[in-house]
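Okay, structure first, notes after.
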Amino acid sequence: MSERLAVNLPGLSMKNPIMPASGCFGFGREFSELYDLSLLGAIAIKGTTGEQRFGNNTPRVAESPSGMLNSIGLQNPGAKSVRDNELPFLEQFDVPILANVSGSSPEEYVKVVNTLNEASNVGAFEVNISCPNVKTGGIQFGTDPEQAAMLTSLIKEATNKPVYVKLSPNVTDIAAIAKAVEHAGANGLSLINTLIGMRFDWRTKKPILANEKGGLSGPAVKPVALRMVYDVRQVTDLPIIGMGGIESAKDVIEFLIAGADAVAVGTANFTNPFACIEIIDELPTWLDQLNVNQVSELQRRGVVL
Amino acid sequence: MSERLAVNLPGLSMKNPIMPASGCFGFGREFSELYDLSLLGAIAIKGTTGEQRFGNNTPRVAESPSGMLNSIGLQNPGAKSVRDNELPFLEQFDVPILANVSGSSPEEYVKVVNTLNEASNVGAFEVNISCPNVKTGGIQFGTDPEQAAMLTSLIKEATNKPVYVKLSPNVTDIAAIAKAVEHAGANGLSLINTLIGMRFDWRTKKPILANEKGGLSGPAVKPVALRMVYDVRQVTDLPIIGMGGIESAKDVIEFLIAGADAVAVGTANFTNPFACIEIIDELPTWLDQLNVNQVSELQRRGVVL
Amino acid sequence: MKSVPLKVVRNQEIAEETYEMILSGELVQEMNRPGTFLHIKIPSSHHVLRRPISIASVNQELGTCTLVYKCTGEGTRALTNVRPNDCLQVLGPLGGQGFPTEEPSTDQEVTLIGGGVGVPPMYFAARSLSERNIPFRVILGFQTEAAVFYEEAFKQLQAMDVTIMTDDGSYGEKGTVIDALQNLEQPSTYIYTCGPRGMLKAVKAAAQHDTTVYVSLEEHMGCGIGACFACVCKTEDETSYVKICTDGPVFQSNEVLL
Amino acid sequence: MKSVPLKVVRNQEIAEETYEMILSGELVQEMNRPGTFLHIKIPSSHHVLRRPISIASVNQELGTCTLVYKCTGEGTRALTNVRPNDCLQVLGPLGGQGFPTEEPSTDQEVTLIGGGVGVPPMYFAARSLSERNIPFRVILGFQTEAAVFYEEAFKQLQAMDVTIMTDDGSYGEKGTVIDALQNLEQPSTYIYTCGPRGMLKAVKAAAQHDTTVYVSLEEHMGCGIGACFACVCKTEDETSYVKICTDGPVFQSNEVLL
């Protein structure tokens, strides 16, 4: 493991700036059969709620040019089961966990944090205030700066672990939300979650997703994600985990230049289940080409703060 | 020209539901050397301002997966020149013109409308309240329902021709803007304009566009555009000109199902300069497959109002 | 399970919009259970999702496997353009549970029921039963004559009977596979079936109570390996769910809510 | 100007990351002005923008044209994977103004200056001058030896002189094309040049006042036909602008702001 790639974020001491994005990697079990999870910088686990959830009806995914829509609807076994069955499994790997937290009410978010707080391998929380796929909660916390700040404060009170707030791109002014959660005590930001989108089946004339709308992810959203990372970087010094369409080491570099400190890889895990470790493998060659010795030299280089 | 394709929109009696999108077709001169413009349903001309504009520095376009960014910055010869030099040229074709209007101030918008109002082939105005590529004006009118409504009223007072308002997708709630401009008297809506995005050059570590940010268009944005057409269709009965990533007749059908009454084709004109007329050619075959006799049978079929 | 390039040996239309593709490579050695599938990367750069396609047969001597797919959308359309010697990125074999062809004994009988592109995995199951000398009959349903494929192939496996049903009666018998199932004189011990959800439901309903029915389910997939929760299906009692990609794609009909 | 498929006859690396592609088809008949270009659709589905590439030469007898392109990004990378007999969608020939090889008379002299991938259009210009028996010399600049191409081809056209400059001195002379230009004993009547913007600027500055300089400009393009305003360049007096795709790509150096 080369020191050149290491990055240090609050609660996450990462061997490299790459982590799988929440919801695209489950709780790691399946991918652990493909490669050694200790190779990853961190792991963002599937969004966890207070109780188990079954999620939305199927079909839950649809495709679009260079992207996909999902409306999983936060299916997960609930915080207790995640703490008791999933997190212990991940303990065998030398990798910090970013626990993605969701809920329908502020109380539910706090409950999840309280439950997962005890798990020693949870390095930090990622508060999902931007899930477009659940009826109540989720996205409304992400579109209103006041609600976002309120939720952030509550969660900060509930834990000593660093808290990253995951922002929604479906807003007029993402920088305003970022500022609001920073003031409320957030230790870092994750962006972006998915853009709300839709596809229709020309044969049936109905939406393809059973849930009608879903979240757009994949390379299609990359320019929007980069712009938002850049916009947020202009107003804050908080660590940013950048994501949205990352498929290659070159994409990682683009996000670092835009202002990210680390990145998450989501959809690309479906296109190529080895995406994360291939990116980690290739990163040093790109650093060589840029005459960069340590990843941190690239961080925030494209931007004036 | 088959009657099956004809659609009637306020001010635009269209032989078919296809028009090139504003900014992707200039004022028609260049494309008139490739095919007969009378084949088109309508033509949305390049955004026109009060005086001539030179636009932004170059590079003004960049590419992204299944999409492109542009930051042309509304380069155009100004309303007078459009009226005296461009619109007369288009008179030789049997096709209604949708005059795209831009400006930095409400006064400038009104000036453009006053100037172009006299042109007999201008069937309707398309008020661009959503251009992300100019410093003042443009997009701020598109992100605030009150400003959008105010501008719409002013323009409605200035002309008897139907007024379509072109909405920005860079908002939390596009349906709210749509309602606001409807109440202010809009006769139709165009959506979507481009999503704000960015790309960086990994070698120079600088934004690729001289203007840094630009507008994302092309197939990448299609699911977002479809969702917004659908969302807006749920709150209004106004005619909608749908656009965003349309490349094929199948895409046109998807937009009609989502709630559009006609569509505009932008970026696809660059990928394939014959895109518009190829789509018009193919449309009947798709209607056959759907057992649809007239395009209008498809309109608003996928949605409950 | 691996993600490797497989070489295309053949890719030809064998019925209307239906293609047979033969792939070769070492991965074939791991393919041995009928009902399992491959998750195929579409060689067209704007597709981010792979396409799940059942293994229709394997030839371990030649090191090849055969897929049969219908061109139903953009991804499968792109697959039709693949040429011999091209490589396809293939993840597989996937599926935690295939058709349990080791379960029946030679004095029991299996009825295989395939509808449309549900036919390919039935063929792999038939080969497997045939190798074990389990008696089986085959009922295949297609929309119309032009869509029919593999009739001869099933016959060569010495099925007790191969019945072809077409919706419009243009080939075989007019009617559905359910009609043919109800016409069987004696119910078999097992039914293995794959096809549209509605057909599976009807087969389950029409089957005798002492017949064990195995159904192969389809659902839109993300990862194909159990990590994304895209492909879930409720259990029959609705208290839980299964993942089709890893818990299936084959289930006993009373395990899942069809 | 048309948009048609051209057949790939050849696509081979001729220098480091530099490829020569030969295309054939009827469209070639319309290609006759050096400096004009083709707008090529990248055969990889996620690219929405075409790539402008200069015509490096045409062979009307064989009905072929030759392009030389450098693999600098994703689109040109995808081009390198194109194989003989594949087809490319090509829009062209584009450009309202090429190098005016009909302007010089046989008692005048032209200096052709190409830098890197600015070399290909200079070769077409050289062929055209050579056919008209106009004396010309050639100065080509490359980064390093491995990047050098077409030296022999220019020599065969009986250039008065072919000077190769490399930044690192690994081949030819060490230095830039400007060094070579300044070393010329006698200024020529015309300079035709294509290369990076900085080089064009330097050539313009270094040229004698009685030398007429024609520069070929590059800019990111959308439509390639004058409709989108992507490729504009200010006029030298900054009161107006030109479109590189239709007003150029070749301009007299005092027409445009470099």
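Order as written gives the chain letters A, B, C and D; numbering starts at 1 within each chain.
As a convention for this text, a residue touches a chain if its C-beta (ideal position, glycine included) is under 8 Å from a C-beta of that chain, and two chains touch if they have at least 3 such contacts.
To keep track of the chains, here are their UniProt names: A, B = Dihydroorotate dehydrogenase; C, D = Dihydroorotate dehydrogenase B (NAD(+)), electron transfer subunit.
Predicted model, so just to flag it, every value in this text is computed and none were measured.
Participant: Walk from chain B over to chain D along touching chains and report the minimum step count.
Facilitator: Contact-graph shortest path, chain B to chain D, evaluates to 1.
Participant: Identify the chain pair with more contacting C-beta pairs: A-D or A-C.
Facilitator: Taking the two pairs in turn, the one with more contacts turns out to be A-C.
Participant: What's the distance between the Cα centroids of chain A and chain D, rounded to whole Å?
Facilitator: So the centre of chain A lies 46 Å away from the centre of chain D.
Participant: Express in whole angstrom the distance between the two chain centres, defined as the mean CA positions of chain A and chain C.
Facilitator: 36
Participant: Quick check: how many Å separate the C-alpha centres of chain A and chain B?
Facilitator: 34
Participant: How many Å are there between the centre of chain B and the centre of chain C, using C-alpha atoms for each centre?
Facilitator: Distance between chain centres: 46 Å.
Participant: Where does chain C touch two or more other chains at once, residue-wise?
Facilitator: Those would be 45-47.
Participant: Mark out which residues of chain B touch at least two other chains, giving numbers and ranges.
Facilitator: Those would be 65-67, 218-219.
Participant: Counting only chain pairs that touch, give me the topology of the graph as line, ring, star, complete or other.
Facilitator: Shape = complete; every chain linked to every other.
Participant: Over in the complex, which chain A residues touch chain C? Could you list them?
Facilitator: Those in contact with chain C are residues 23-26, 29-31, 33-34, 46, 54-55, 58-63, 65-68, 70, 72, 75-76, 218-219, 267-274.
Participant: Spell out the residues on chain A that touch chain D in their complex, using ranges where they run on.
Facilitator: 65-66, 219
Participant: Across the complex, what residues on chain D touch chain B?
Facilitator: Chain D residues touching chain B: 1, 3, 41, 45-50, 74-75, 89, 91, 219-234, 241, 246.
Participant: Quick one: in the complex, what on chain D touches chain C?
Facilitator: Within the complex, chain D touches chain C at residues 44-47, 78.
Participant: Tell me, which parts of chain C touch chain B in their complex?
Facilitator: Interface residues on chain C, with respect to chain B: 45-46.
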